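Heads up, there are several structures right after this.
Note that chain A is present in both complexes that follow, paired respectively with chain B and with chain C.
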Partner chain A sequence: MEAELREFERDADAWFAENTPGEPDFMLPLTFMEVGTDQQFEFLREWQNKVYSAGYLGAAWPKEYGGGGLTQKHQDIATRAMKKYRGPIMLNAIGINWTGPLILDIGSEAHKQKYIKGILSAEDIWCQGFSEPENGSDLGNAQLRAVRDGDEYVLNGSKIWTTHGHYAKYMILLARTDLDAPSKYAGLSFILTPMTVPGIETVKIKKLTGEHGFTQTFFTDTRIPADGLMGREGEGWKIAMQTLEYERSARGGQAGGYVLTEVDPLEILQLASKAKRDGQSVLADPVVRDKLMDFVIDAQAMALNGKRARISPLVRDCPQALPLMSKLTHTEFALRINEFAISLMGTKGGYYVDEPNAIDEGYWHRSYLNAFSATIGGGTSQIQRNIIGEHALSLPKTR
Partner chain B sequence: MKISTEIGITEAQIDLLDVAENFCLDHSPIEKVRALMEDDLGYDPEVWKQIGELGWLAVAIPEDYDGVGLSLTEVVPIAEQMGRYLLNSPFISTTLAAQALIMGGTDAQKKSYLPQIVAGKAATLALSESNGDWDLNNIDAKATKDGNGYVLSGTKTFVMDLTSAELVVISVKLDDAVRLVALRGDQISQHAVRRERIIDEVKRSYELTLDGISVSLDQFMNENATKATLGHIHLAANLLGSAELCGACKSTIDYTVEYLKTRRQFGKLIGSYQALKHPTVDAFVGYEKARSLLYAAAFCFDRQGEGEVATRMAKARADQALSFAADRAIQFHGGFGFTYDCDAQLYRRCALFHASQYGDAAYHKRKLADLLF
Partner chain C sequence: MKLLLTEDEVMLQDAAAGFFRDKAPVTELRKLRDTEDATGFSRGLWQDMAEMGFSGILIPEEHGGNDMGYRAMGLVAEEMGKNLSASPFLSTAILAATAIRKGGSAEQQAEWLPKIAGGSTIMALALDEGGKHNPAKTATTATPSGNGFRLNGAKAMVVDGHVADKFIVAARTSGAVGDPDGLSLFLVDPKSKGVSTERTIMADSRNAARIVLDDVEVDGDALIGETGKGGEILDLVLNAGRAALSAELLGSGSQAFENTVEYIKERKQFGRIIGEFQALQHRASHLYSEIEVCRSAVLAALSALDMGLPDAGTYVSMAKAKLGNVARLASVEGIQMHGGVGMTDEFDVGLFAKRIRVAQEMFGDTNYHLEQVAQSKKF
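And then the complex of A and B:
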């Protein structure tokens, strides 16, 4: 086994060394939520497909549905190699990170046969229809209606902030199937929904960077097959929470790879040499040094948190604490370090993407604005603090 | 300079973590901590004896000198639990003095003192002076040749647990070079010792006047090892200080959370208010990060370079974590938080004291910046 793993590692290393694409002549997204142009989309779709075909995505998923049939160790090795060569992100995040694991866990045999392979190959892009215009953080109050009619559901309502909404073939949908349920949560159901049927309209929304990002999705008397129901009617909330646990990495089973890239604070060193302050490198400024050091230490602490989470004697006071705080720490870090980067540029902090004088072609500016995607999407940082406080520290609920 | 991203735990650490947690929980309930704060000695001699018997003083001492032959890596969980339960004793000062001997003592000094420490004798360090400098090389105390021996002059500050120590490692200048001297407790007269009023009332610190103390040549420690020894002590003290800070931070958060879960205002438990909940979560996140850095530093402490980087990071974050957690702990207890009876002040004082010794967060970040970029 050990020898076999080592060989796998050698092969993976060689494959990523050879196949990781160089920078294209357009900027690649740092997170799956940032995909803003068709050019970016197609590039990433092709890359994911290539990684999957080589056996380095879904390596631990069952072979009969399209996975590699190997172990999580194999996949971790492949993901590390991907990281080492700084490969682009995996595109079909909602598929590989939460829909896939969910289907493998509680889906029917037919679901597995139908969906798993397309998730891995990026042939079938998935989106998530949870948030609504009036119900975001208060997801349990979602109102999109699904009415059973024979072996179909009829949908009416709207979802919003749908990442990959206009590319997706399928959606994981949280819908209200019962208006008379004893609680708002008990009226919800979780349905795998095709996006290519009549009665669905996706409208692109321009995001703060000026590019297109997510969509608003309108459902008007939309008929979908009822066999997309996951679990039973009324279990939607429970299942949605399970997907959020995958999303926040509090639960394993993901296909592998990564869907967000992280800034290494030491990259800032190169950036710092590109602007001057009072005739000197900004790195000569003691305040800059102090702040930069805080980022370096934070990055180190987060990496170590990830490792410590697996050392049980060192987490026995509260085993779920480190996974629970991972989303909050990583996304807030990304936001702040990009903001810091801009602050180092002097006058050039005032430029933006596509300005020839901009440092690194405006990369940091765009990254900072885009970094809010992760401090808002997937449950805001404020909601994360509620969750950590209530679940890890058992503080009373905020109502 | 390389940054190690390794973290792990040794079998001995696992055992010690367990044993130390139970021991400190049993032997240092908060009422006892409070009672000892009023006591001149500041610790329970019976507990100190048991610490010796448990072999904790021997952990990081080589087998050649009757020790267990492990390292400071294994002392970290002990120090952490002592910090958590505010269990005061000469354990840290003795461990650090032993480290000074191991690194910079002559063979004869090691043979004479280390087995005694293993047997439960206390020792301490006298390195700081009134200039307040964290640079251990910046000193004015002197040794001057006097016949066959040397006579000392000057004043040392922040000599922890001095009245219990049978060995005091002091730093003085001899012909302009910093040297370490192994002073015996019996060479120090009562009049040379004054208890200092320090912000952390759980601990005991003394001023030591060296004027007139005579020492012999064989009390000087290894000349060539002075620099390395002071460097090692600086890092070792910061490592164990980080451990104490992390332990205390855990207690601070537990203490605050308990109040947030029981105190009601406006008809609700105050912990349901996000103005209290969210900063408490931030304190908790700070603590978890600091603890990861602590155990990573413990893991690679003995590695040249990497150990220094990891230790400074650990101290920087442990200082910040407890300072923030304890500051908010006072605020979140309202009027009670302002009282002497509220334990929040004990933790805030603990953080302030540790920040004052061997460098605070800002200091270590500056050192790190110089090492890394």
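And then the complex of A and C:
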């Protein structure tokens, strides 16, 4: 086994060294949430497909559905090689990170046969229909209506912040199937929904960075096959929560790779070493030094913490606690470090993408603004703190 | 780097947790304080700690220790931090034992290490002289005299100084104040002519002393290691001490936090348990997250020392810097979230705050260690 893993590692290393594409002549998105142009989309789709075809994505997923049939160790090796050569992000994040694991864990045999391979190959792009314009953090109050009619559901309502909404072939949808359920949660169902049927309209939303990447999605008397229902009617909330656990990495089974470009404090150190104040390096400023070292220390300790979150005996008592705090600390850290990077640039920190004098082509400002998507998406930091308070610390539920 | 405790480590942790909870809980510190105990810790407790093997945790078996190493040291220190247990563990079993083990001659090791492991000798490191911690600023001098040296200077924050059977004094044998080189370490008998010792009154009710050395004569064999090479030994001694303090701060900070969470689950205002209020929940969740990050930082530092990594000192500085910040936050948030009772002597949270204040400053505060990390990264 060890020898076989080493060989796999050598092969993966050689493959990524050979095949990782260089920077294209257009701007790539920093994360899967900012795929806004067809050019970006096609470039990333082709890359994911290539990685999958070479056996370096979904390596640990079952062979009979299109996976590699190997172990998580193999996939981790492949992901490390991808990182080492700074390969582009995986495009089909919602497919590989949360829909795929969910289908493999609780989907029917037919679901697995139909969806898994297309998720890995990026042929079938997935989006998520959870948040609604009137129901964001209060997800349990989702109102999009699904009415059963024979072998079909008829959908009416609207979803928002639909990442990949305009590219997706399928959606994981949280819909209200029962208006008379004893609680708001019990009236929800979880449905795998095709996006290519009549009655669905996606409207792009422009982000504060100037980029696109998500849509508002409107459903008007949309008819979809009822065989997309996961579990039973009324189990939607439970399944949605399980889905969020994959999203927050509180549950394993993801296909591998990465879907976000993380800020490395060493890049900030490089940036800082170039920055000047009154002809002197900013590193001579003790306040700047202290802040920088705080980031270096936090980054290292958080990385170890992320590893601890994946050691099962450490999370046995409260499986959510370490992963949840990891999500919270990582995303808040990303905001702070990007903001600090901008402050290092002084007046040039105001320059934006396309300004010829902008440092690193305005990367830092764009990265800073996009960092909010992680402190808001997947549960805001405030919601995370509620959950940590209630579940990790057993504080009484807020009324 | 093993992030999970081994079976042996879990057994040690359980043993230490039970031991300090039974023998040296916070009420024992209160007793020492309220009776103005002259020793500042219980000698009986120290004997019991020796029997448990805690005093010999960094001492080789041939000298009566069990040599369990730094991770084990950290587990013991963390439990002591949770209980605010007063003992000469830091001064004697960690600082002095490391100095003699790493720098001492075979004779010195054979003479002193078994006594430390057996709990019969208390030793104190006389290093800091006031102002901020910075070994390079050592001004105490040691000049050749007869077959030995003559020491002159004044030391402060000497932990367990007033009850020590021996001092380990850092003095300058060459170079100017501010020079990191030129330091030497000496074993000094507190009863020697020219030594005066005065116990200082500390916020944390623990032991520290001021020491004046006025033409104190020592023999040549009082020197630990080589003349002028004391700085290298001190680095090892201080790394061990700072790592132990980081682990202790983790224990004290997490216990202060735990007390606070328990309190906000019981206290009612406006007809509600105050833990229902998001303003308090979010502060508690933030602290929980930070303390978990600290746990990783401390484990990394202790493991790096055990593994003998060349940059172990950087890991230790990272831990001490992070713990200084977070334990402090846990204590001030603890007082604030307790409300009025947080201001009372009756509730323990104030005792934790006071110990954390002293421990975060000892052997370098957060700013000192951030600077150490910056220098290690060549900034």
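By our rule, the second predicted complex is superposed on the first by the 384 of 399 C-alpha atoms of A that agree within 3 Å, B and C clash if a C-alpha of one lies under 4 Å from a C-alpha of the other, contacts with A are read in each partner's own complex, and residues count from 1 in each chain.
Definition applied: a residue touches a chain if its C-beta (ideal position, glycine included) is under 8 Å from a C-beta of that chain, and two chains touch if they have at least 3 such contacts.
Remember, predicted model here, so these are calculated numbers, not experimental data.
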| item | value |
| --- | --- |
| Clash-or-fit label for the pair chain B, chain C on chain A | clash |
| Touched partner set for A:V197, first chain B, second chain C, both or neither | neither |
| Contacts of A:M241 with chain B and chain C, given as first, second, both or neither | neither |
| First, second, both or neither for A:A14, with chain B first and chain C second | neither |
| Touched partner set for A:L208, first chain B, second chain C, both or neither | neither |
| Which superposed partner A:L314 touches (first chain B, second chain C, both, neither) | both |
| Those residues of chain A which chain B touches in one complex and chain C touches in the other | 269, 283, 286, 289-290, 292-294, 296-298, 300-302, 304-305, 307-308, 311, 313-314, 321-322, 325, 328-329, 382, 385-386, 388-389, 392-399 |
| Residues of chain A defined as touching chain C within the complex | 269, 273, 283, 286, 289-290, 292-294, 296-298, 300-302, 304-305, 307-308, 311, 313-314, 321-322, 325, 328-329, 382, 384-386, 388-390, 392-399 |
| Chain A contact footprint on chain C (complex, rising order) | 1, 3-4, 261, 264-265, 272-273, 275-278, 280-282, 284-286, 288-290, 292-297, 299-300, 318, 321-322, 367, 370-371, 373-374, 377, 379 |
| Contact footprint of chain B on chain A as seen in their complex | 266, 269, 283, 286, 289-290, 292-294, 296-298, 300-305, 307-308, 311, 313-314, 317, 321-322, 325, 328-329, 382, 385-386, 388-389, 392-399 |
| Contacting residues of chain B [partner chain A, same complex] | 3, 5-9, 13-14, 17, 250, 253, 257, 260-261, 268-269, 271-274, 277-278, 280-282, 284-285, 288-293, 295-296, 313, 316-317, 362, 365-366, 368-369, 372-373 |
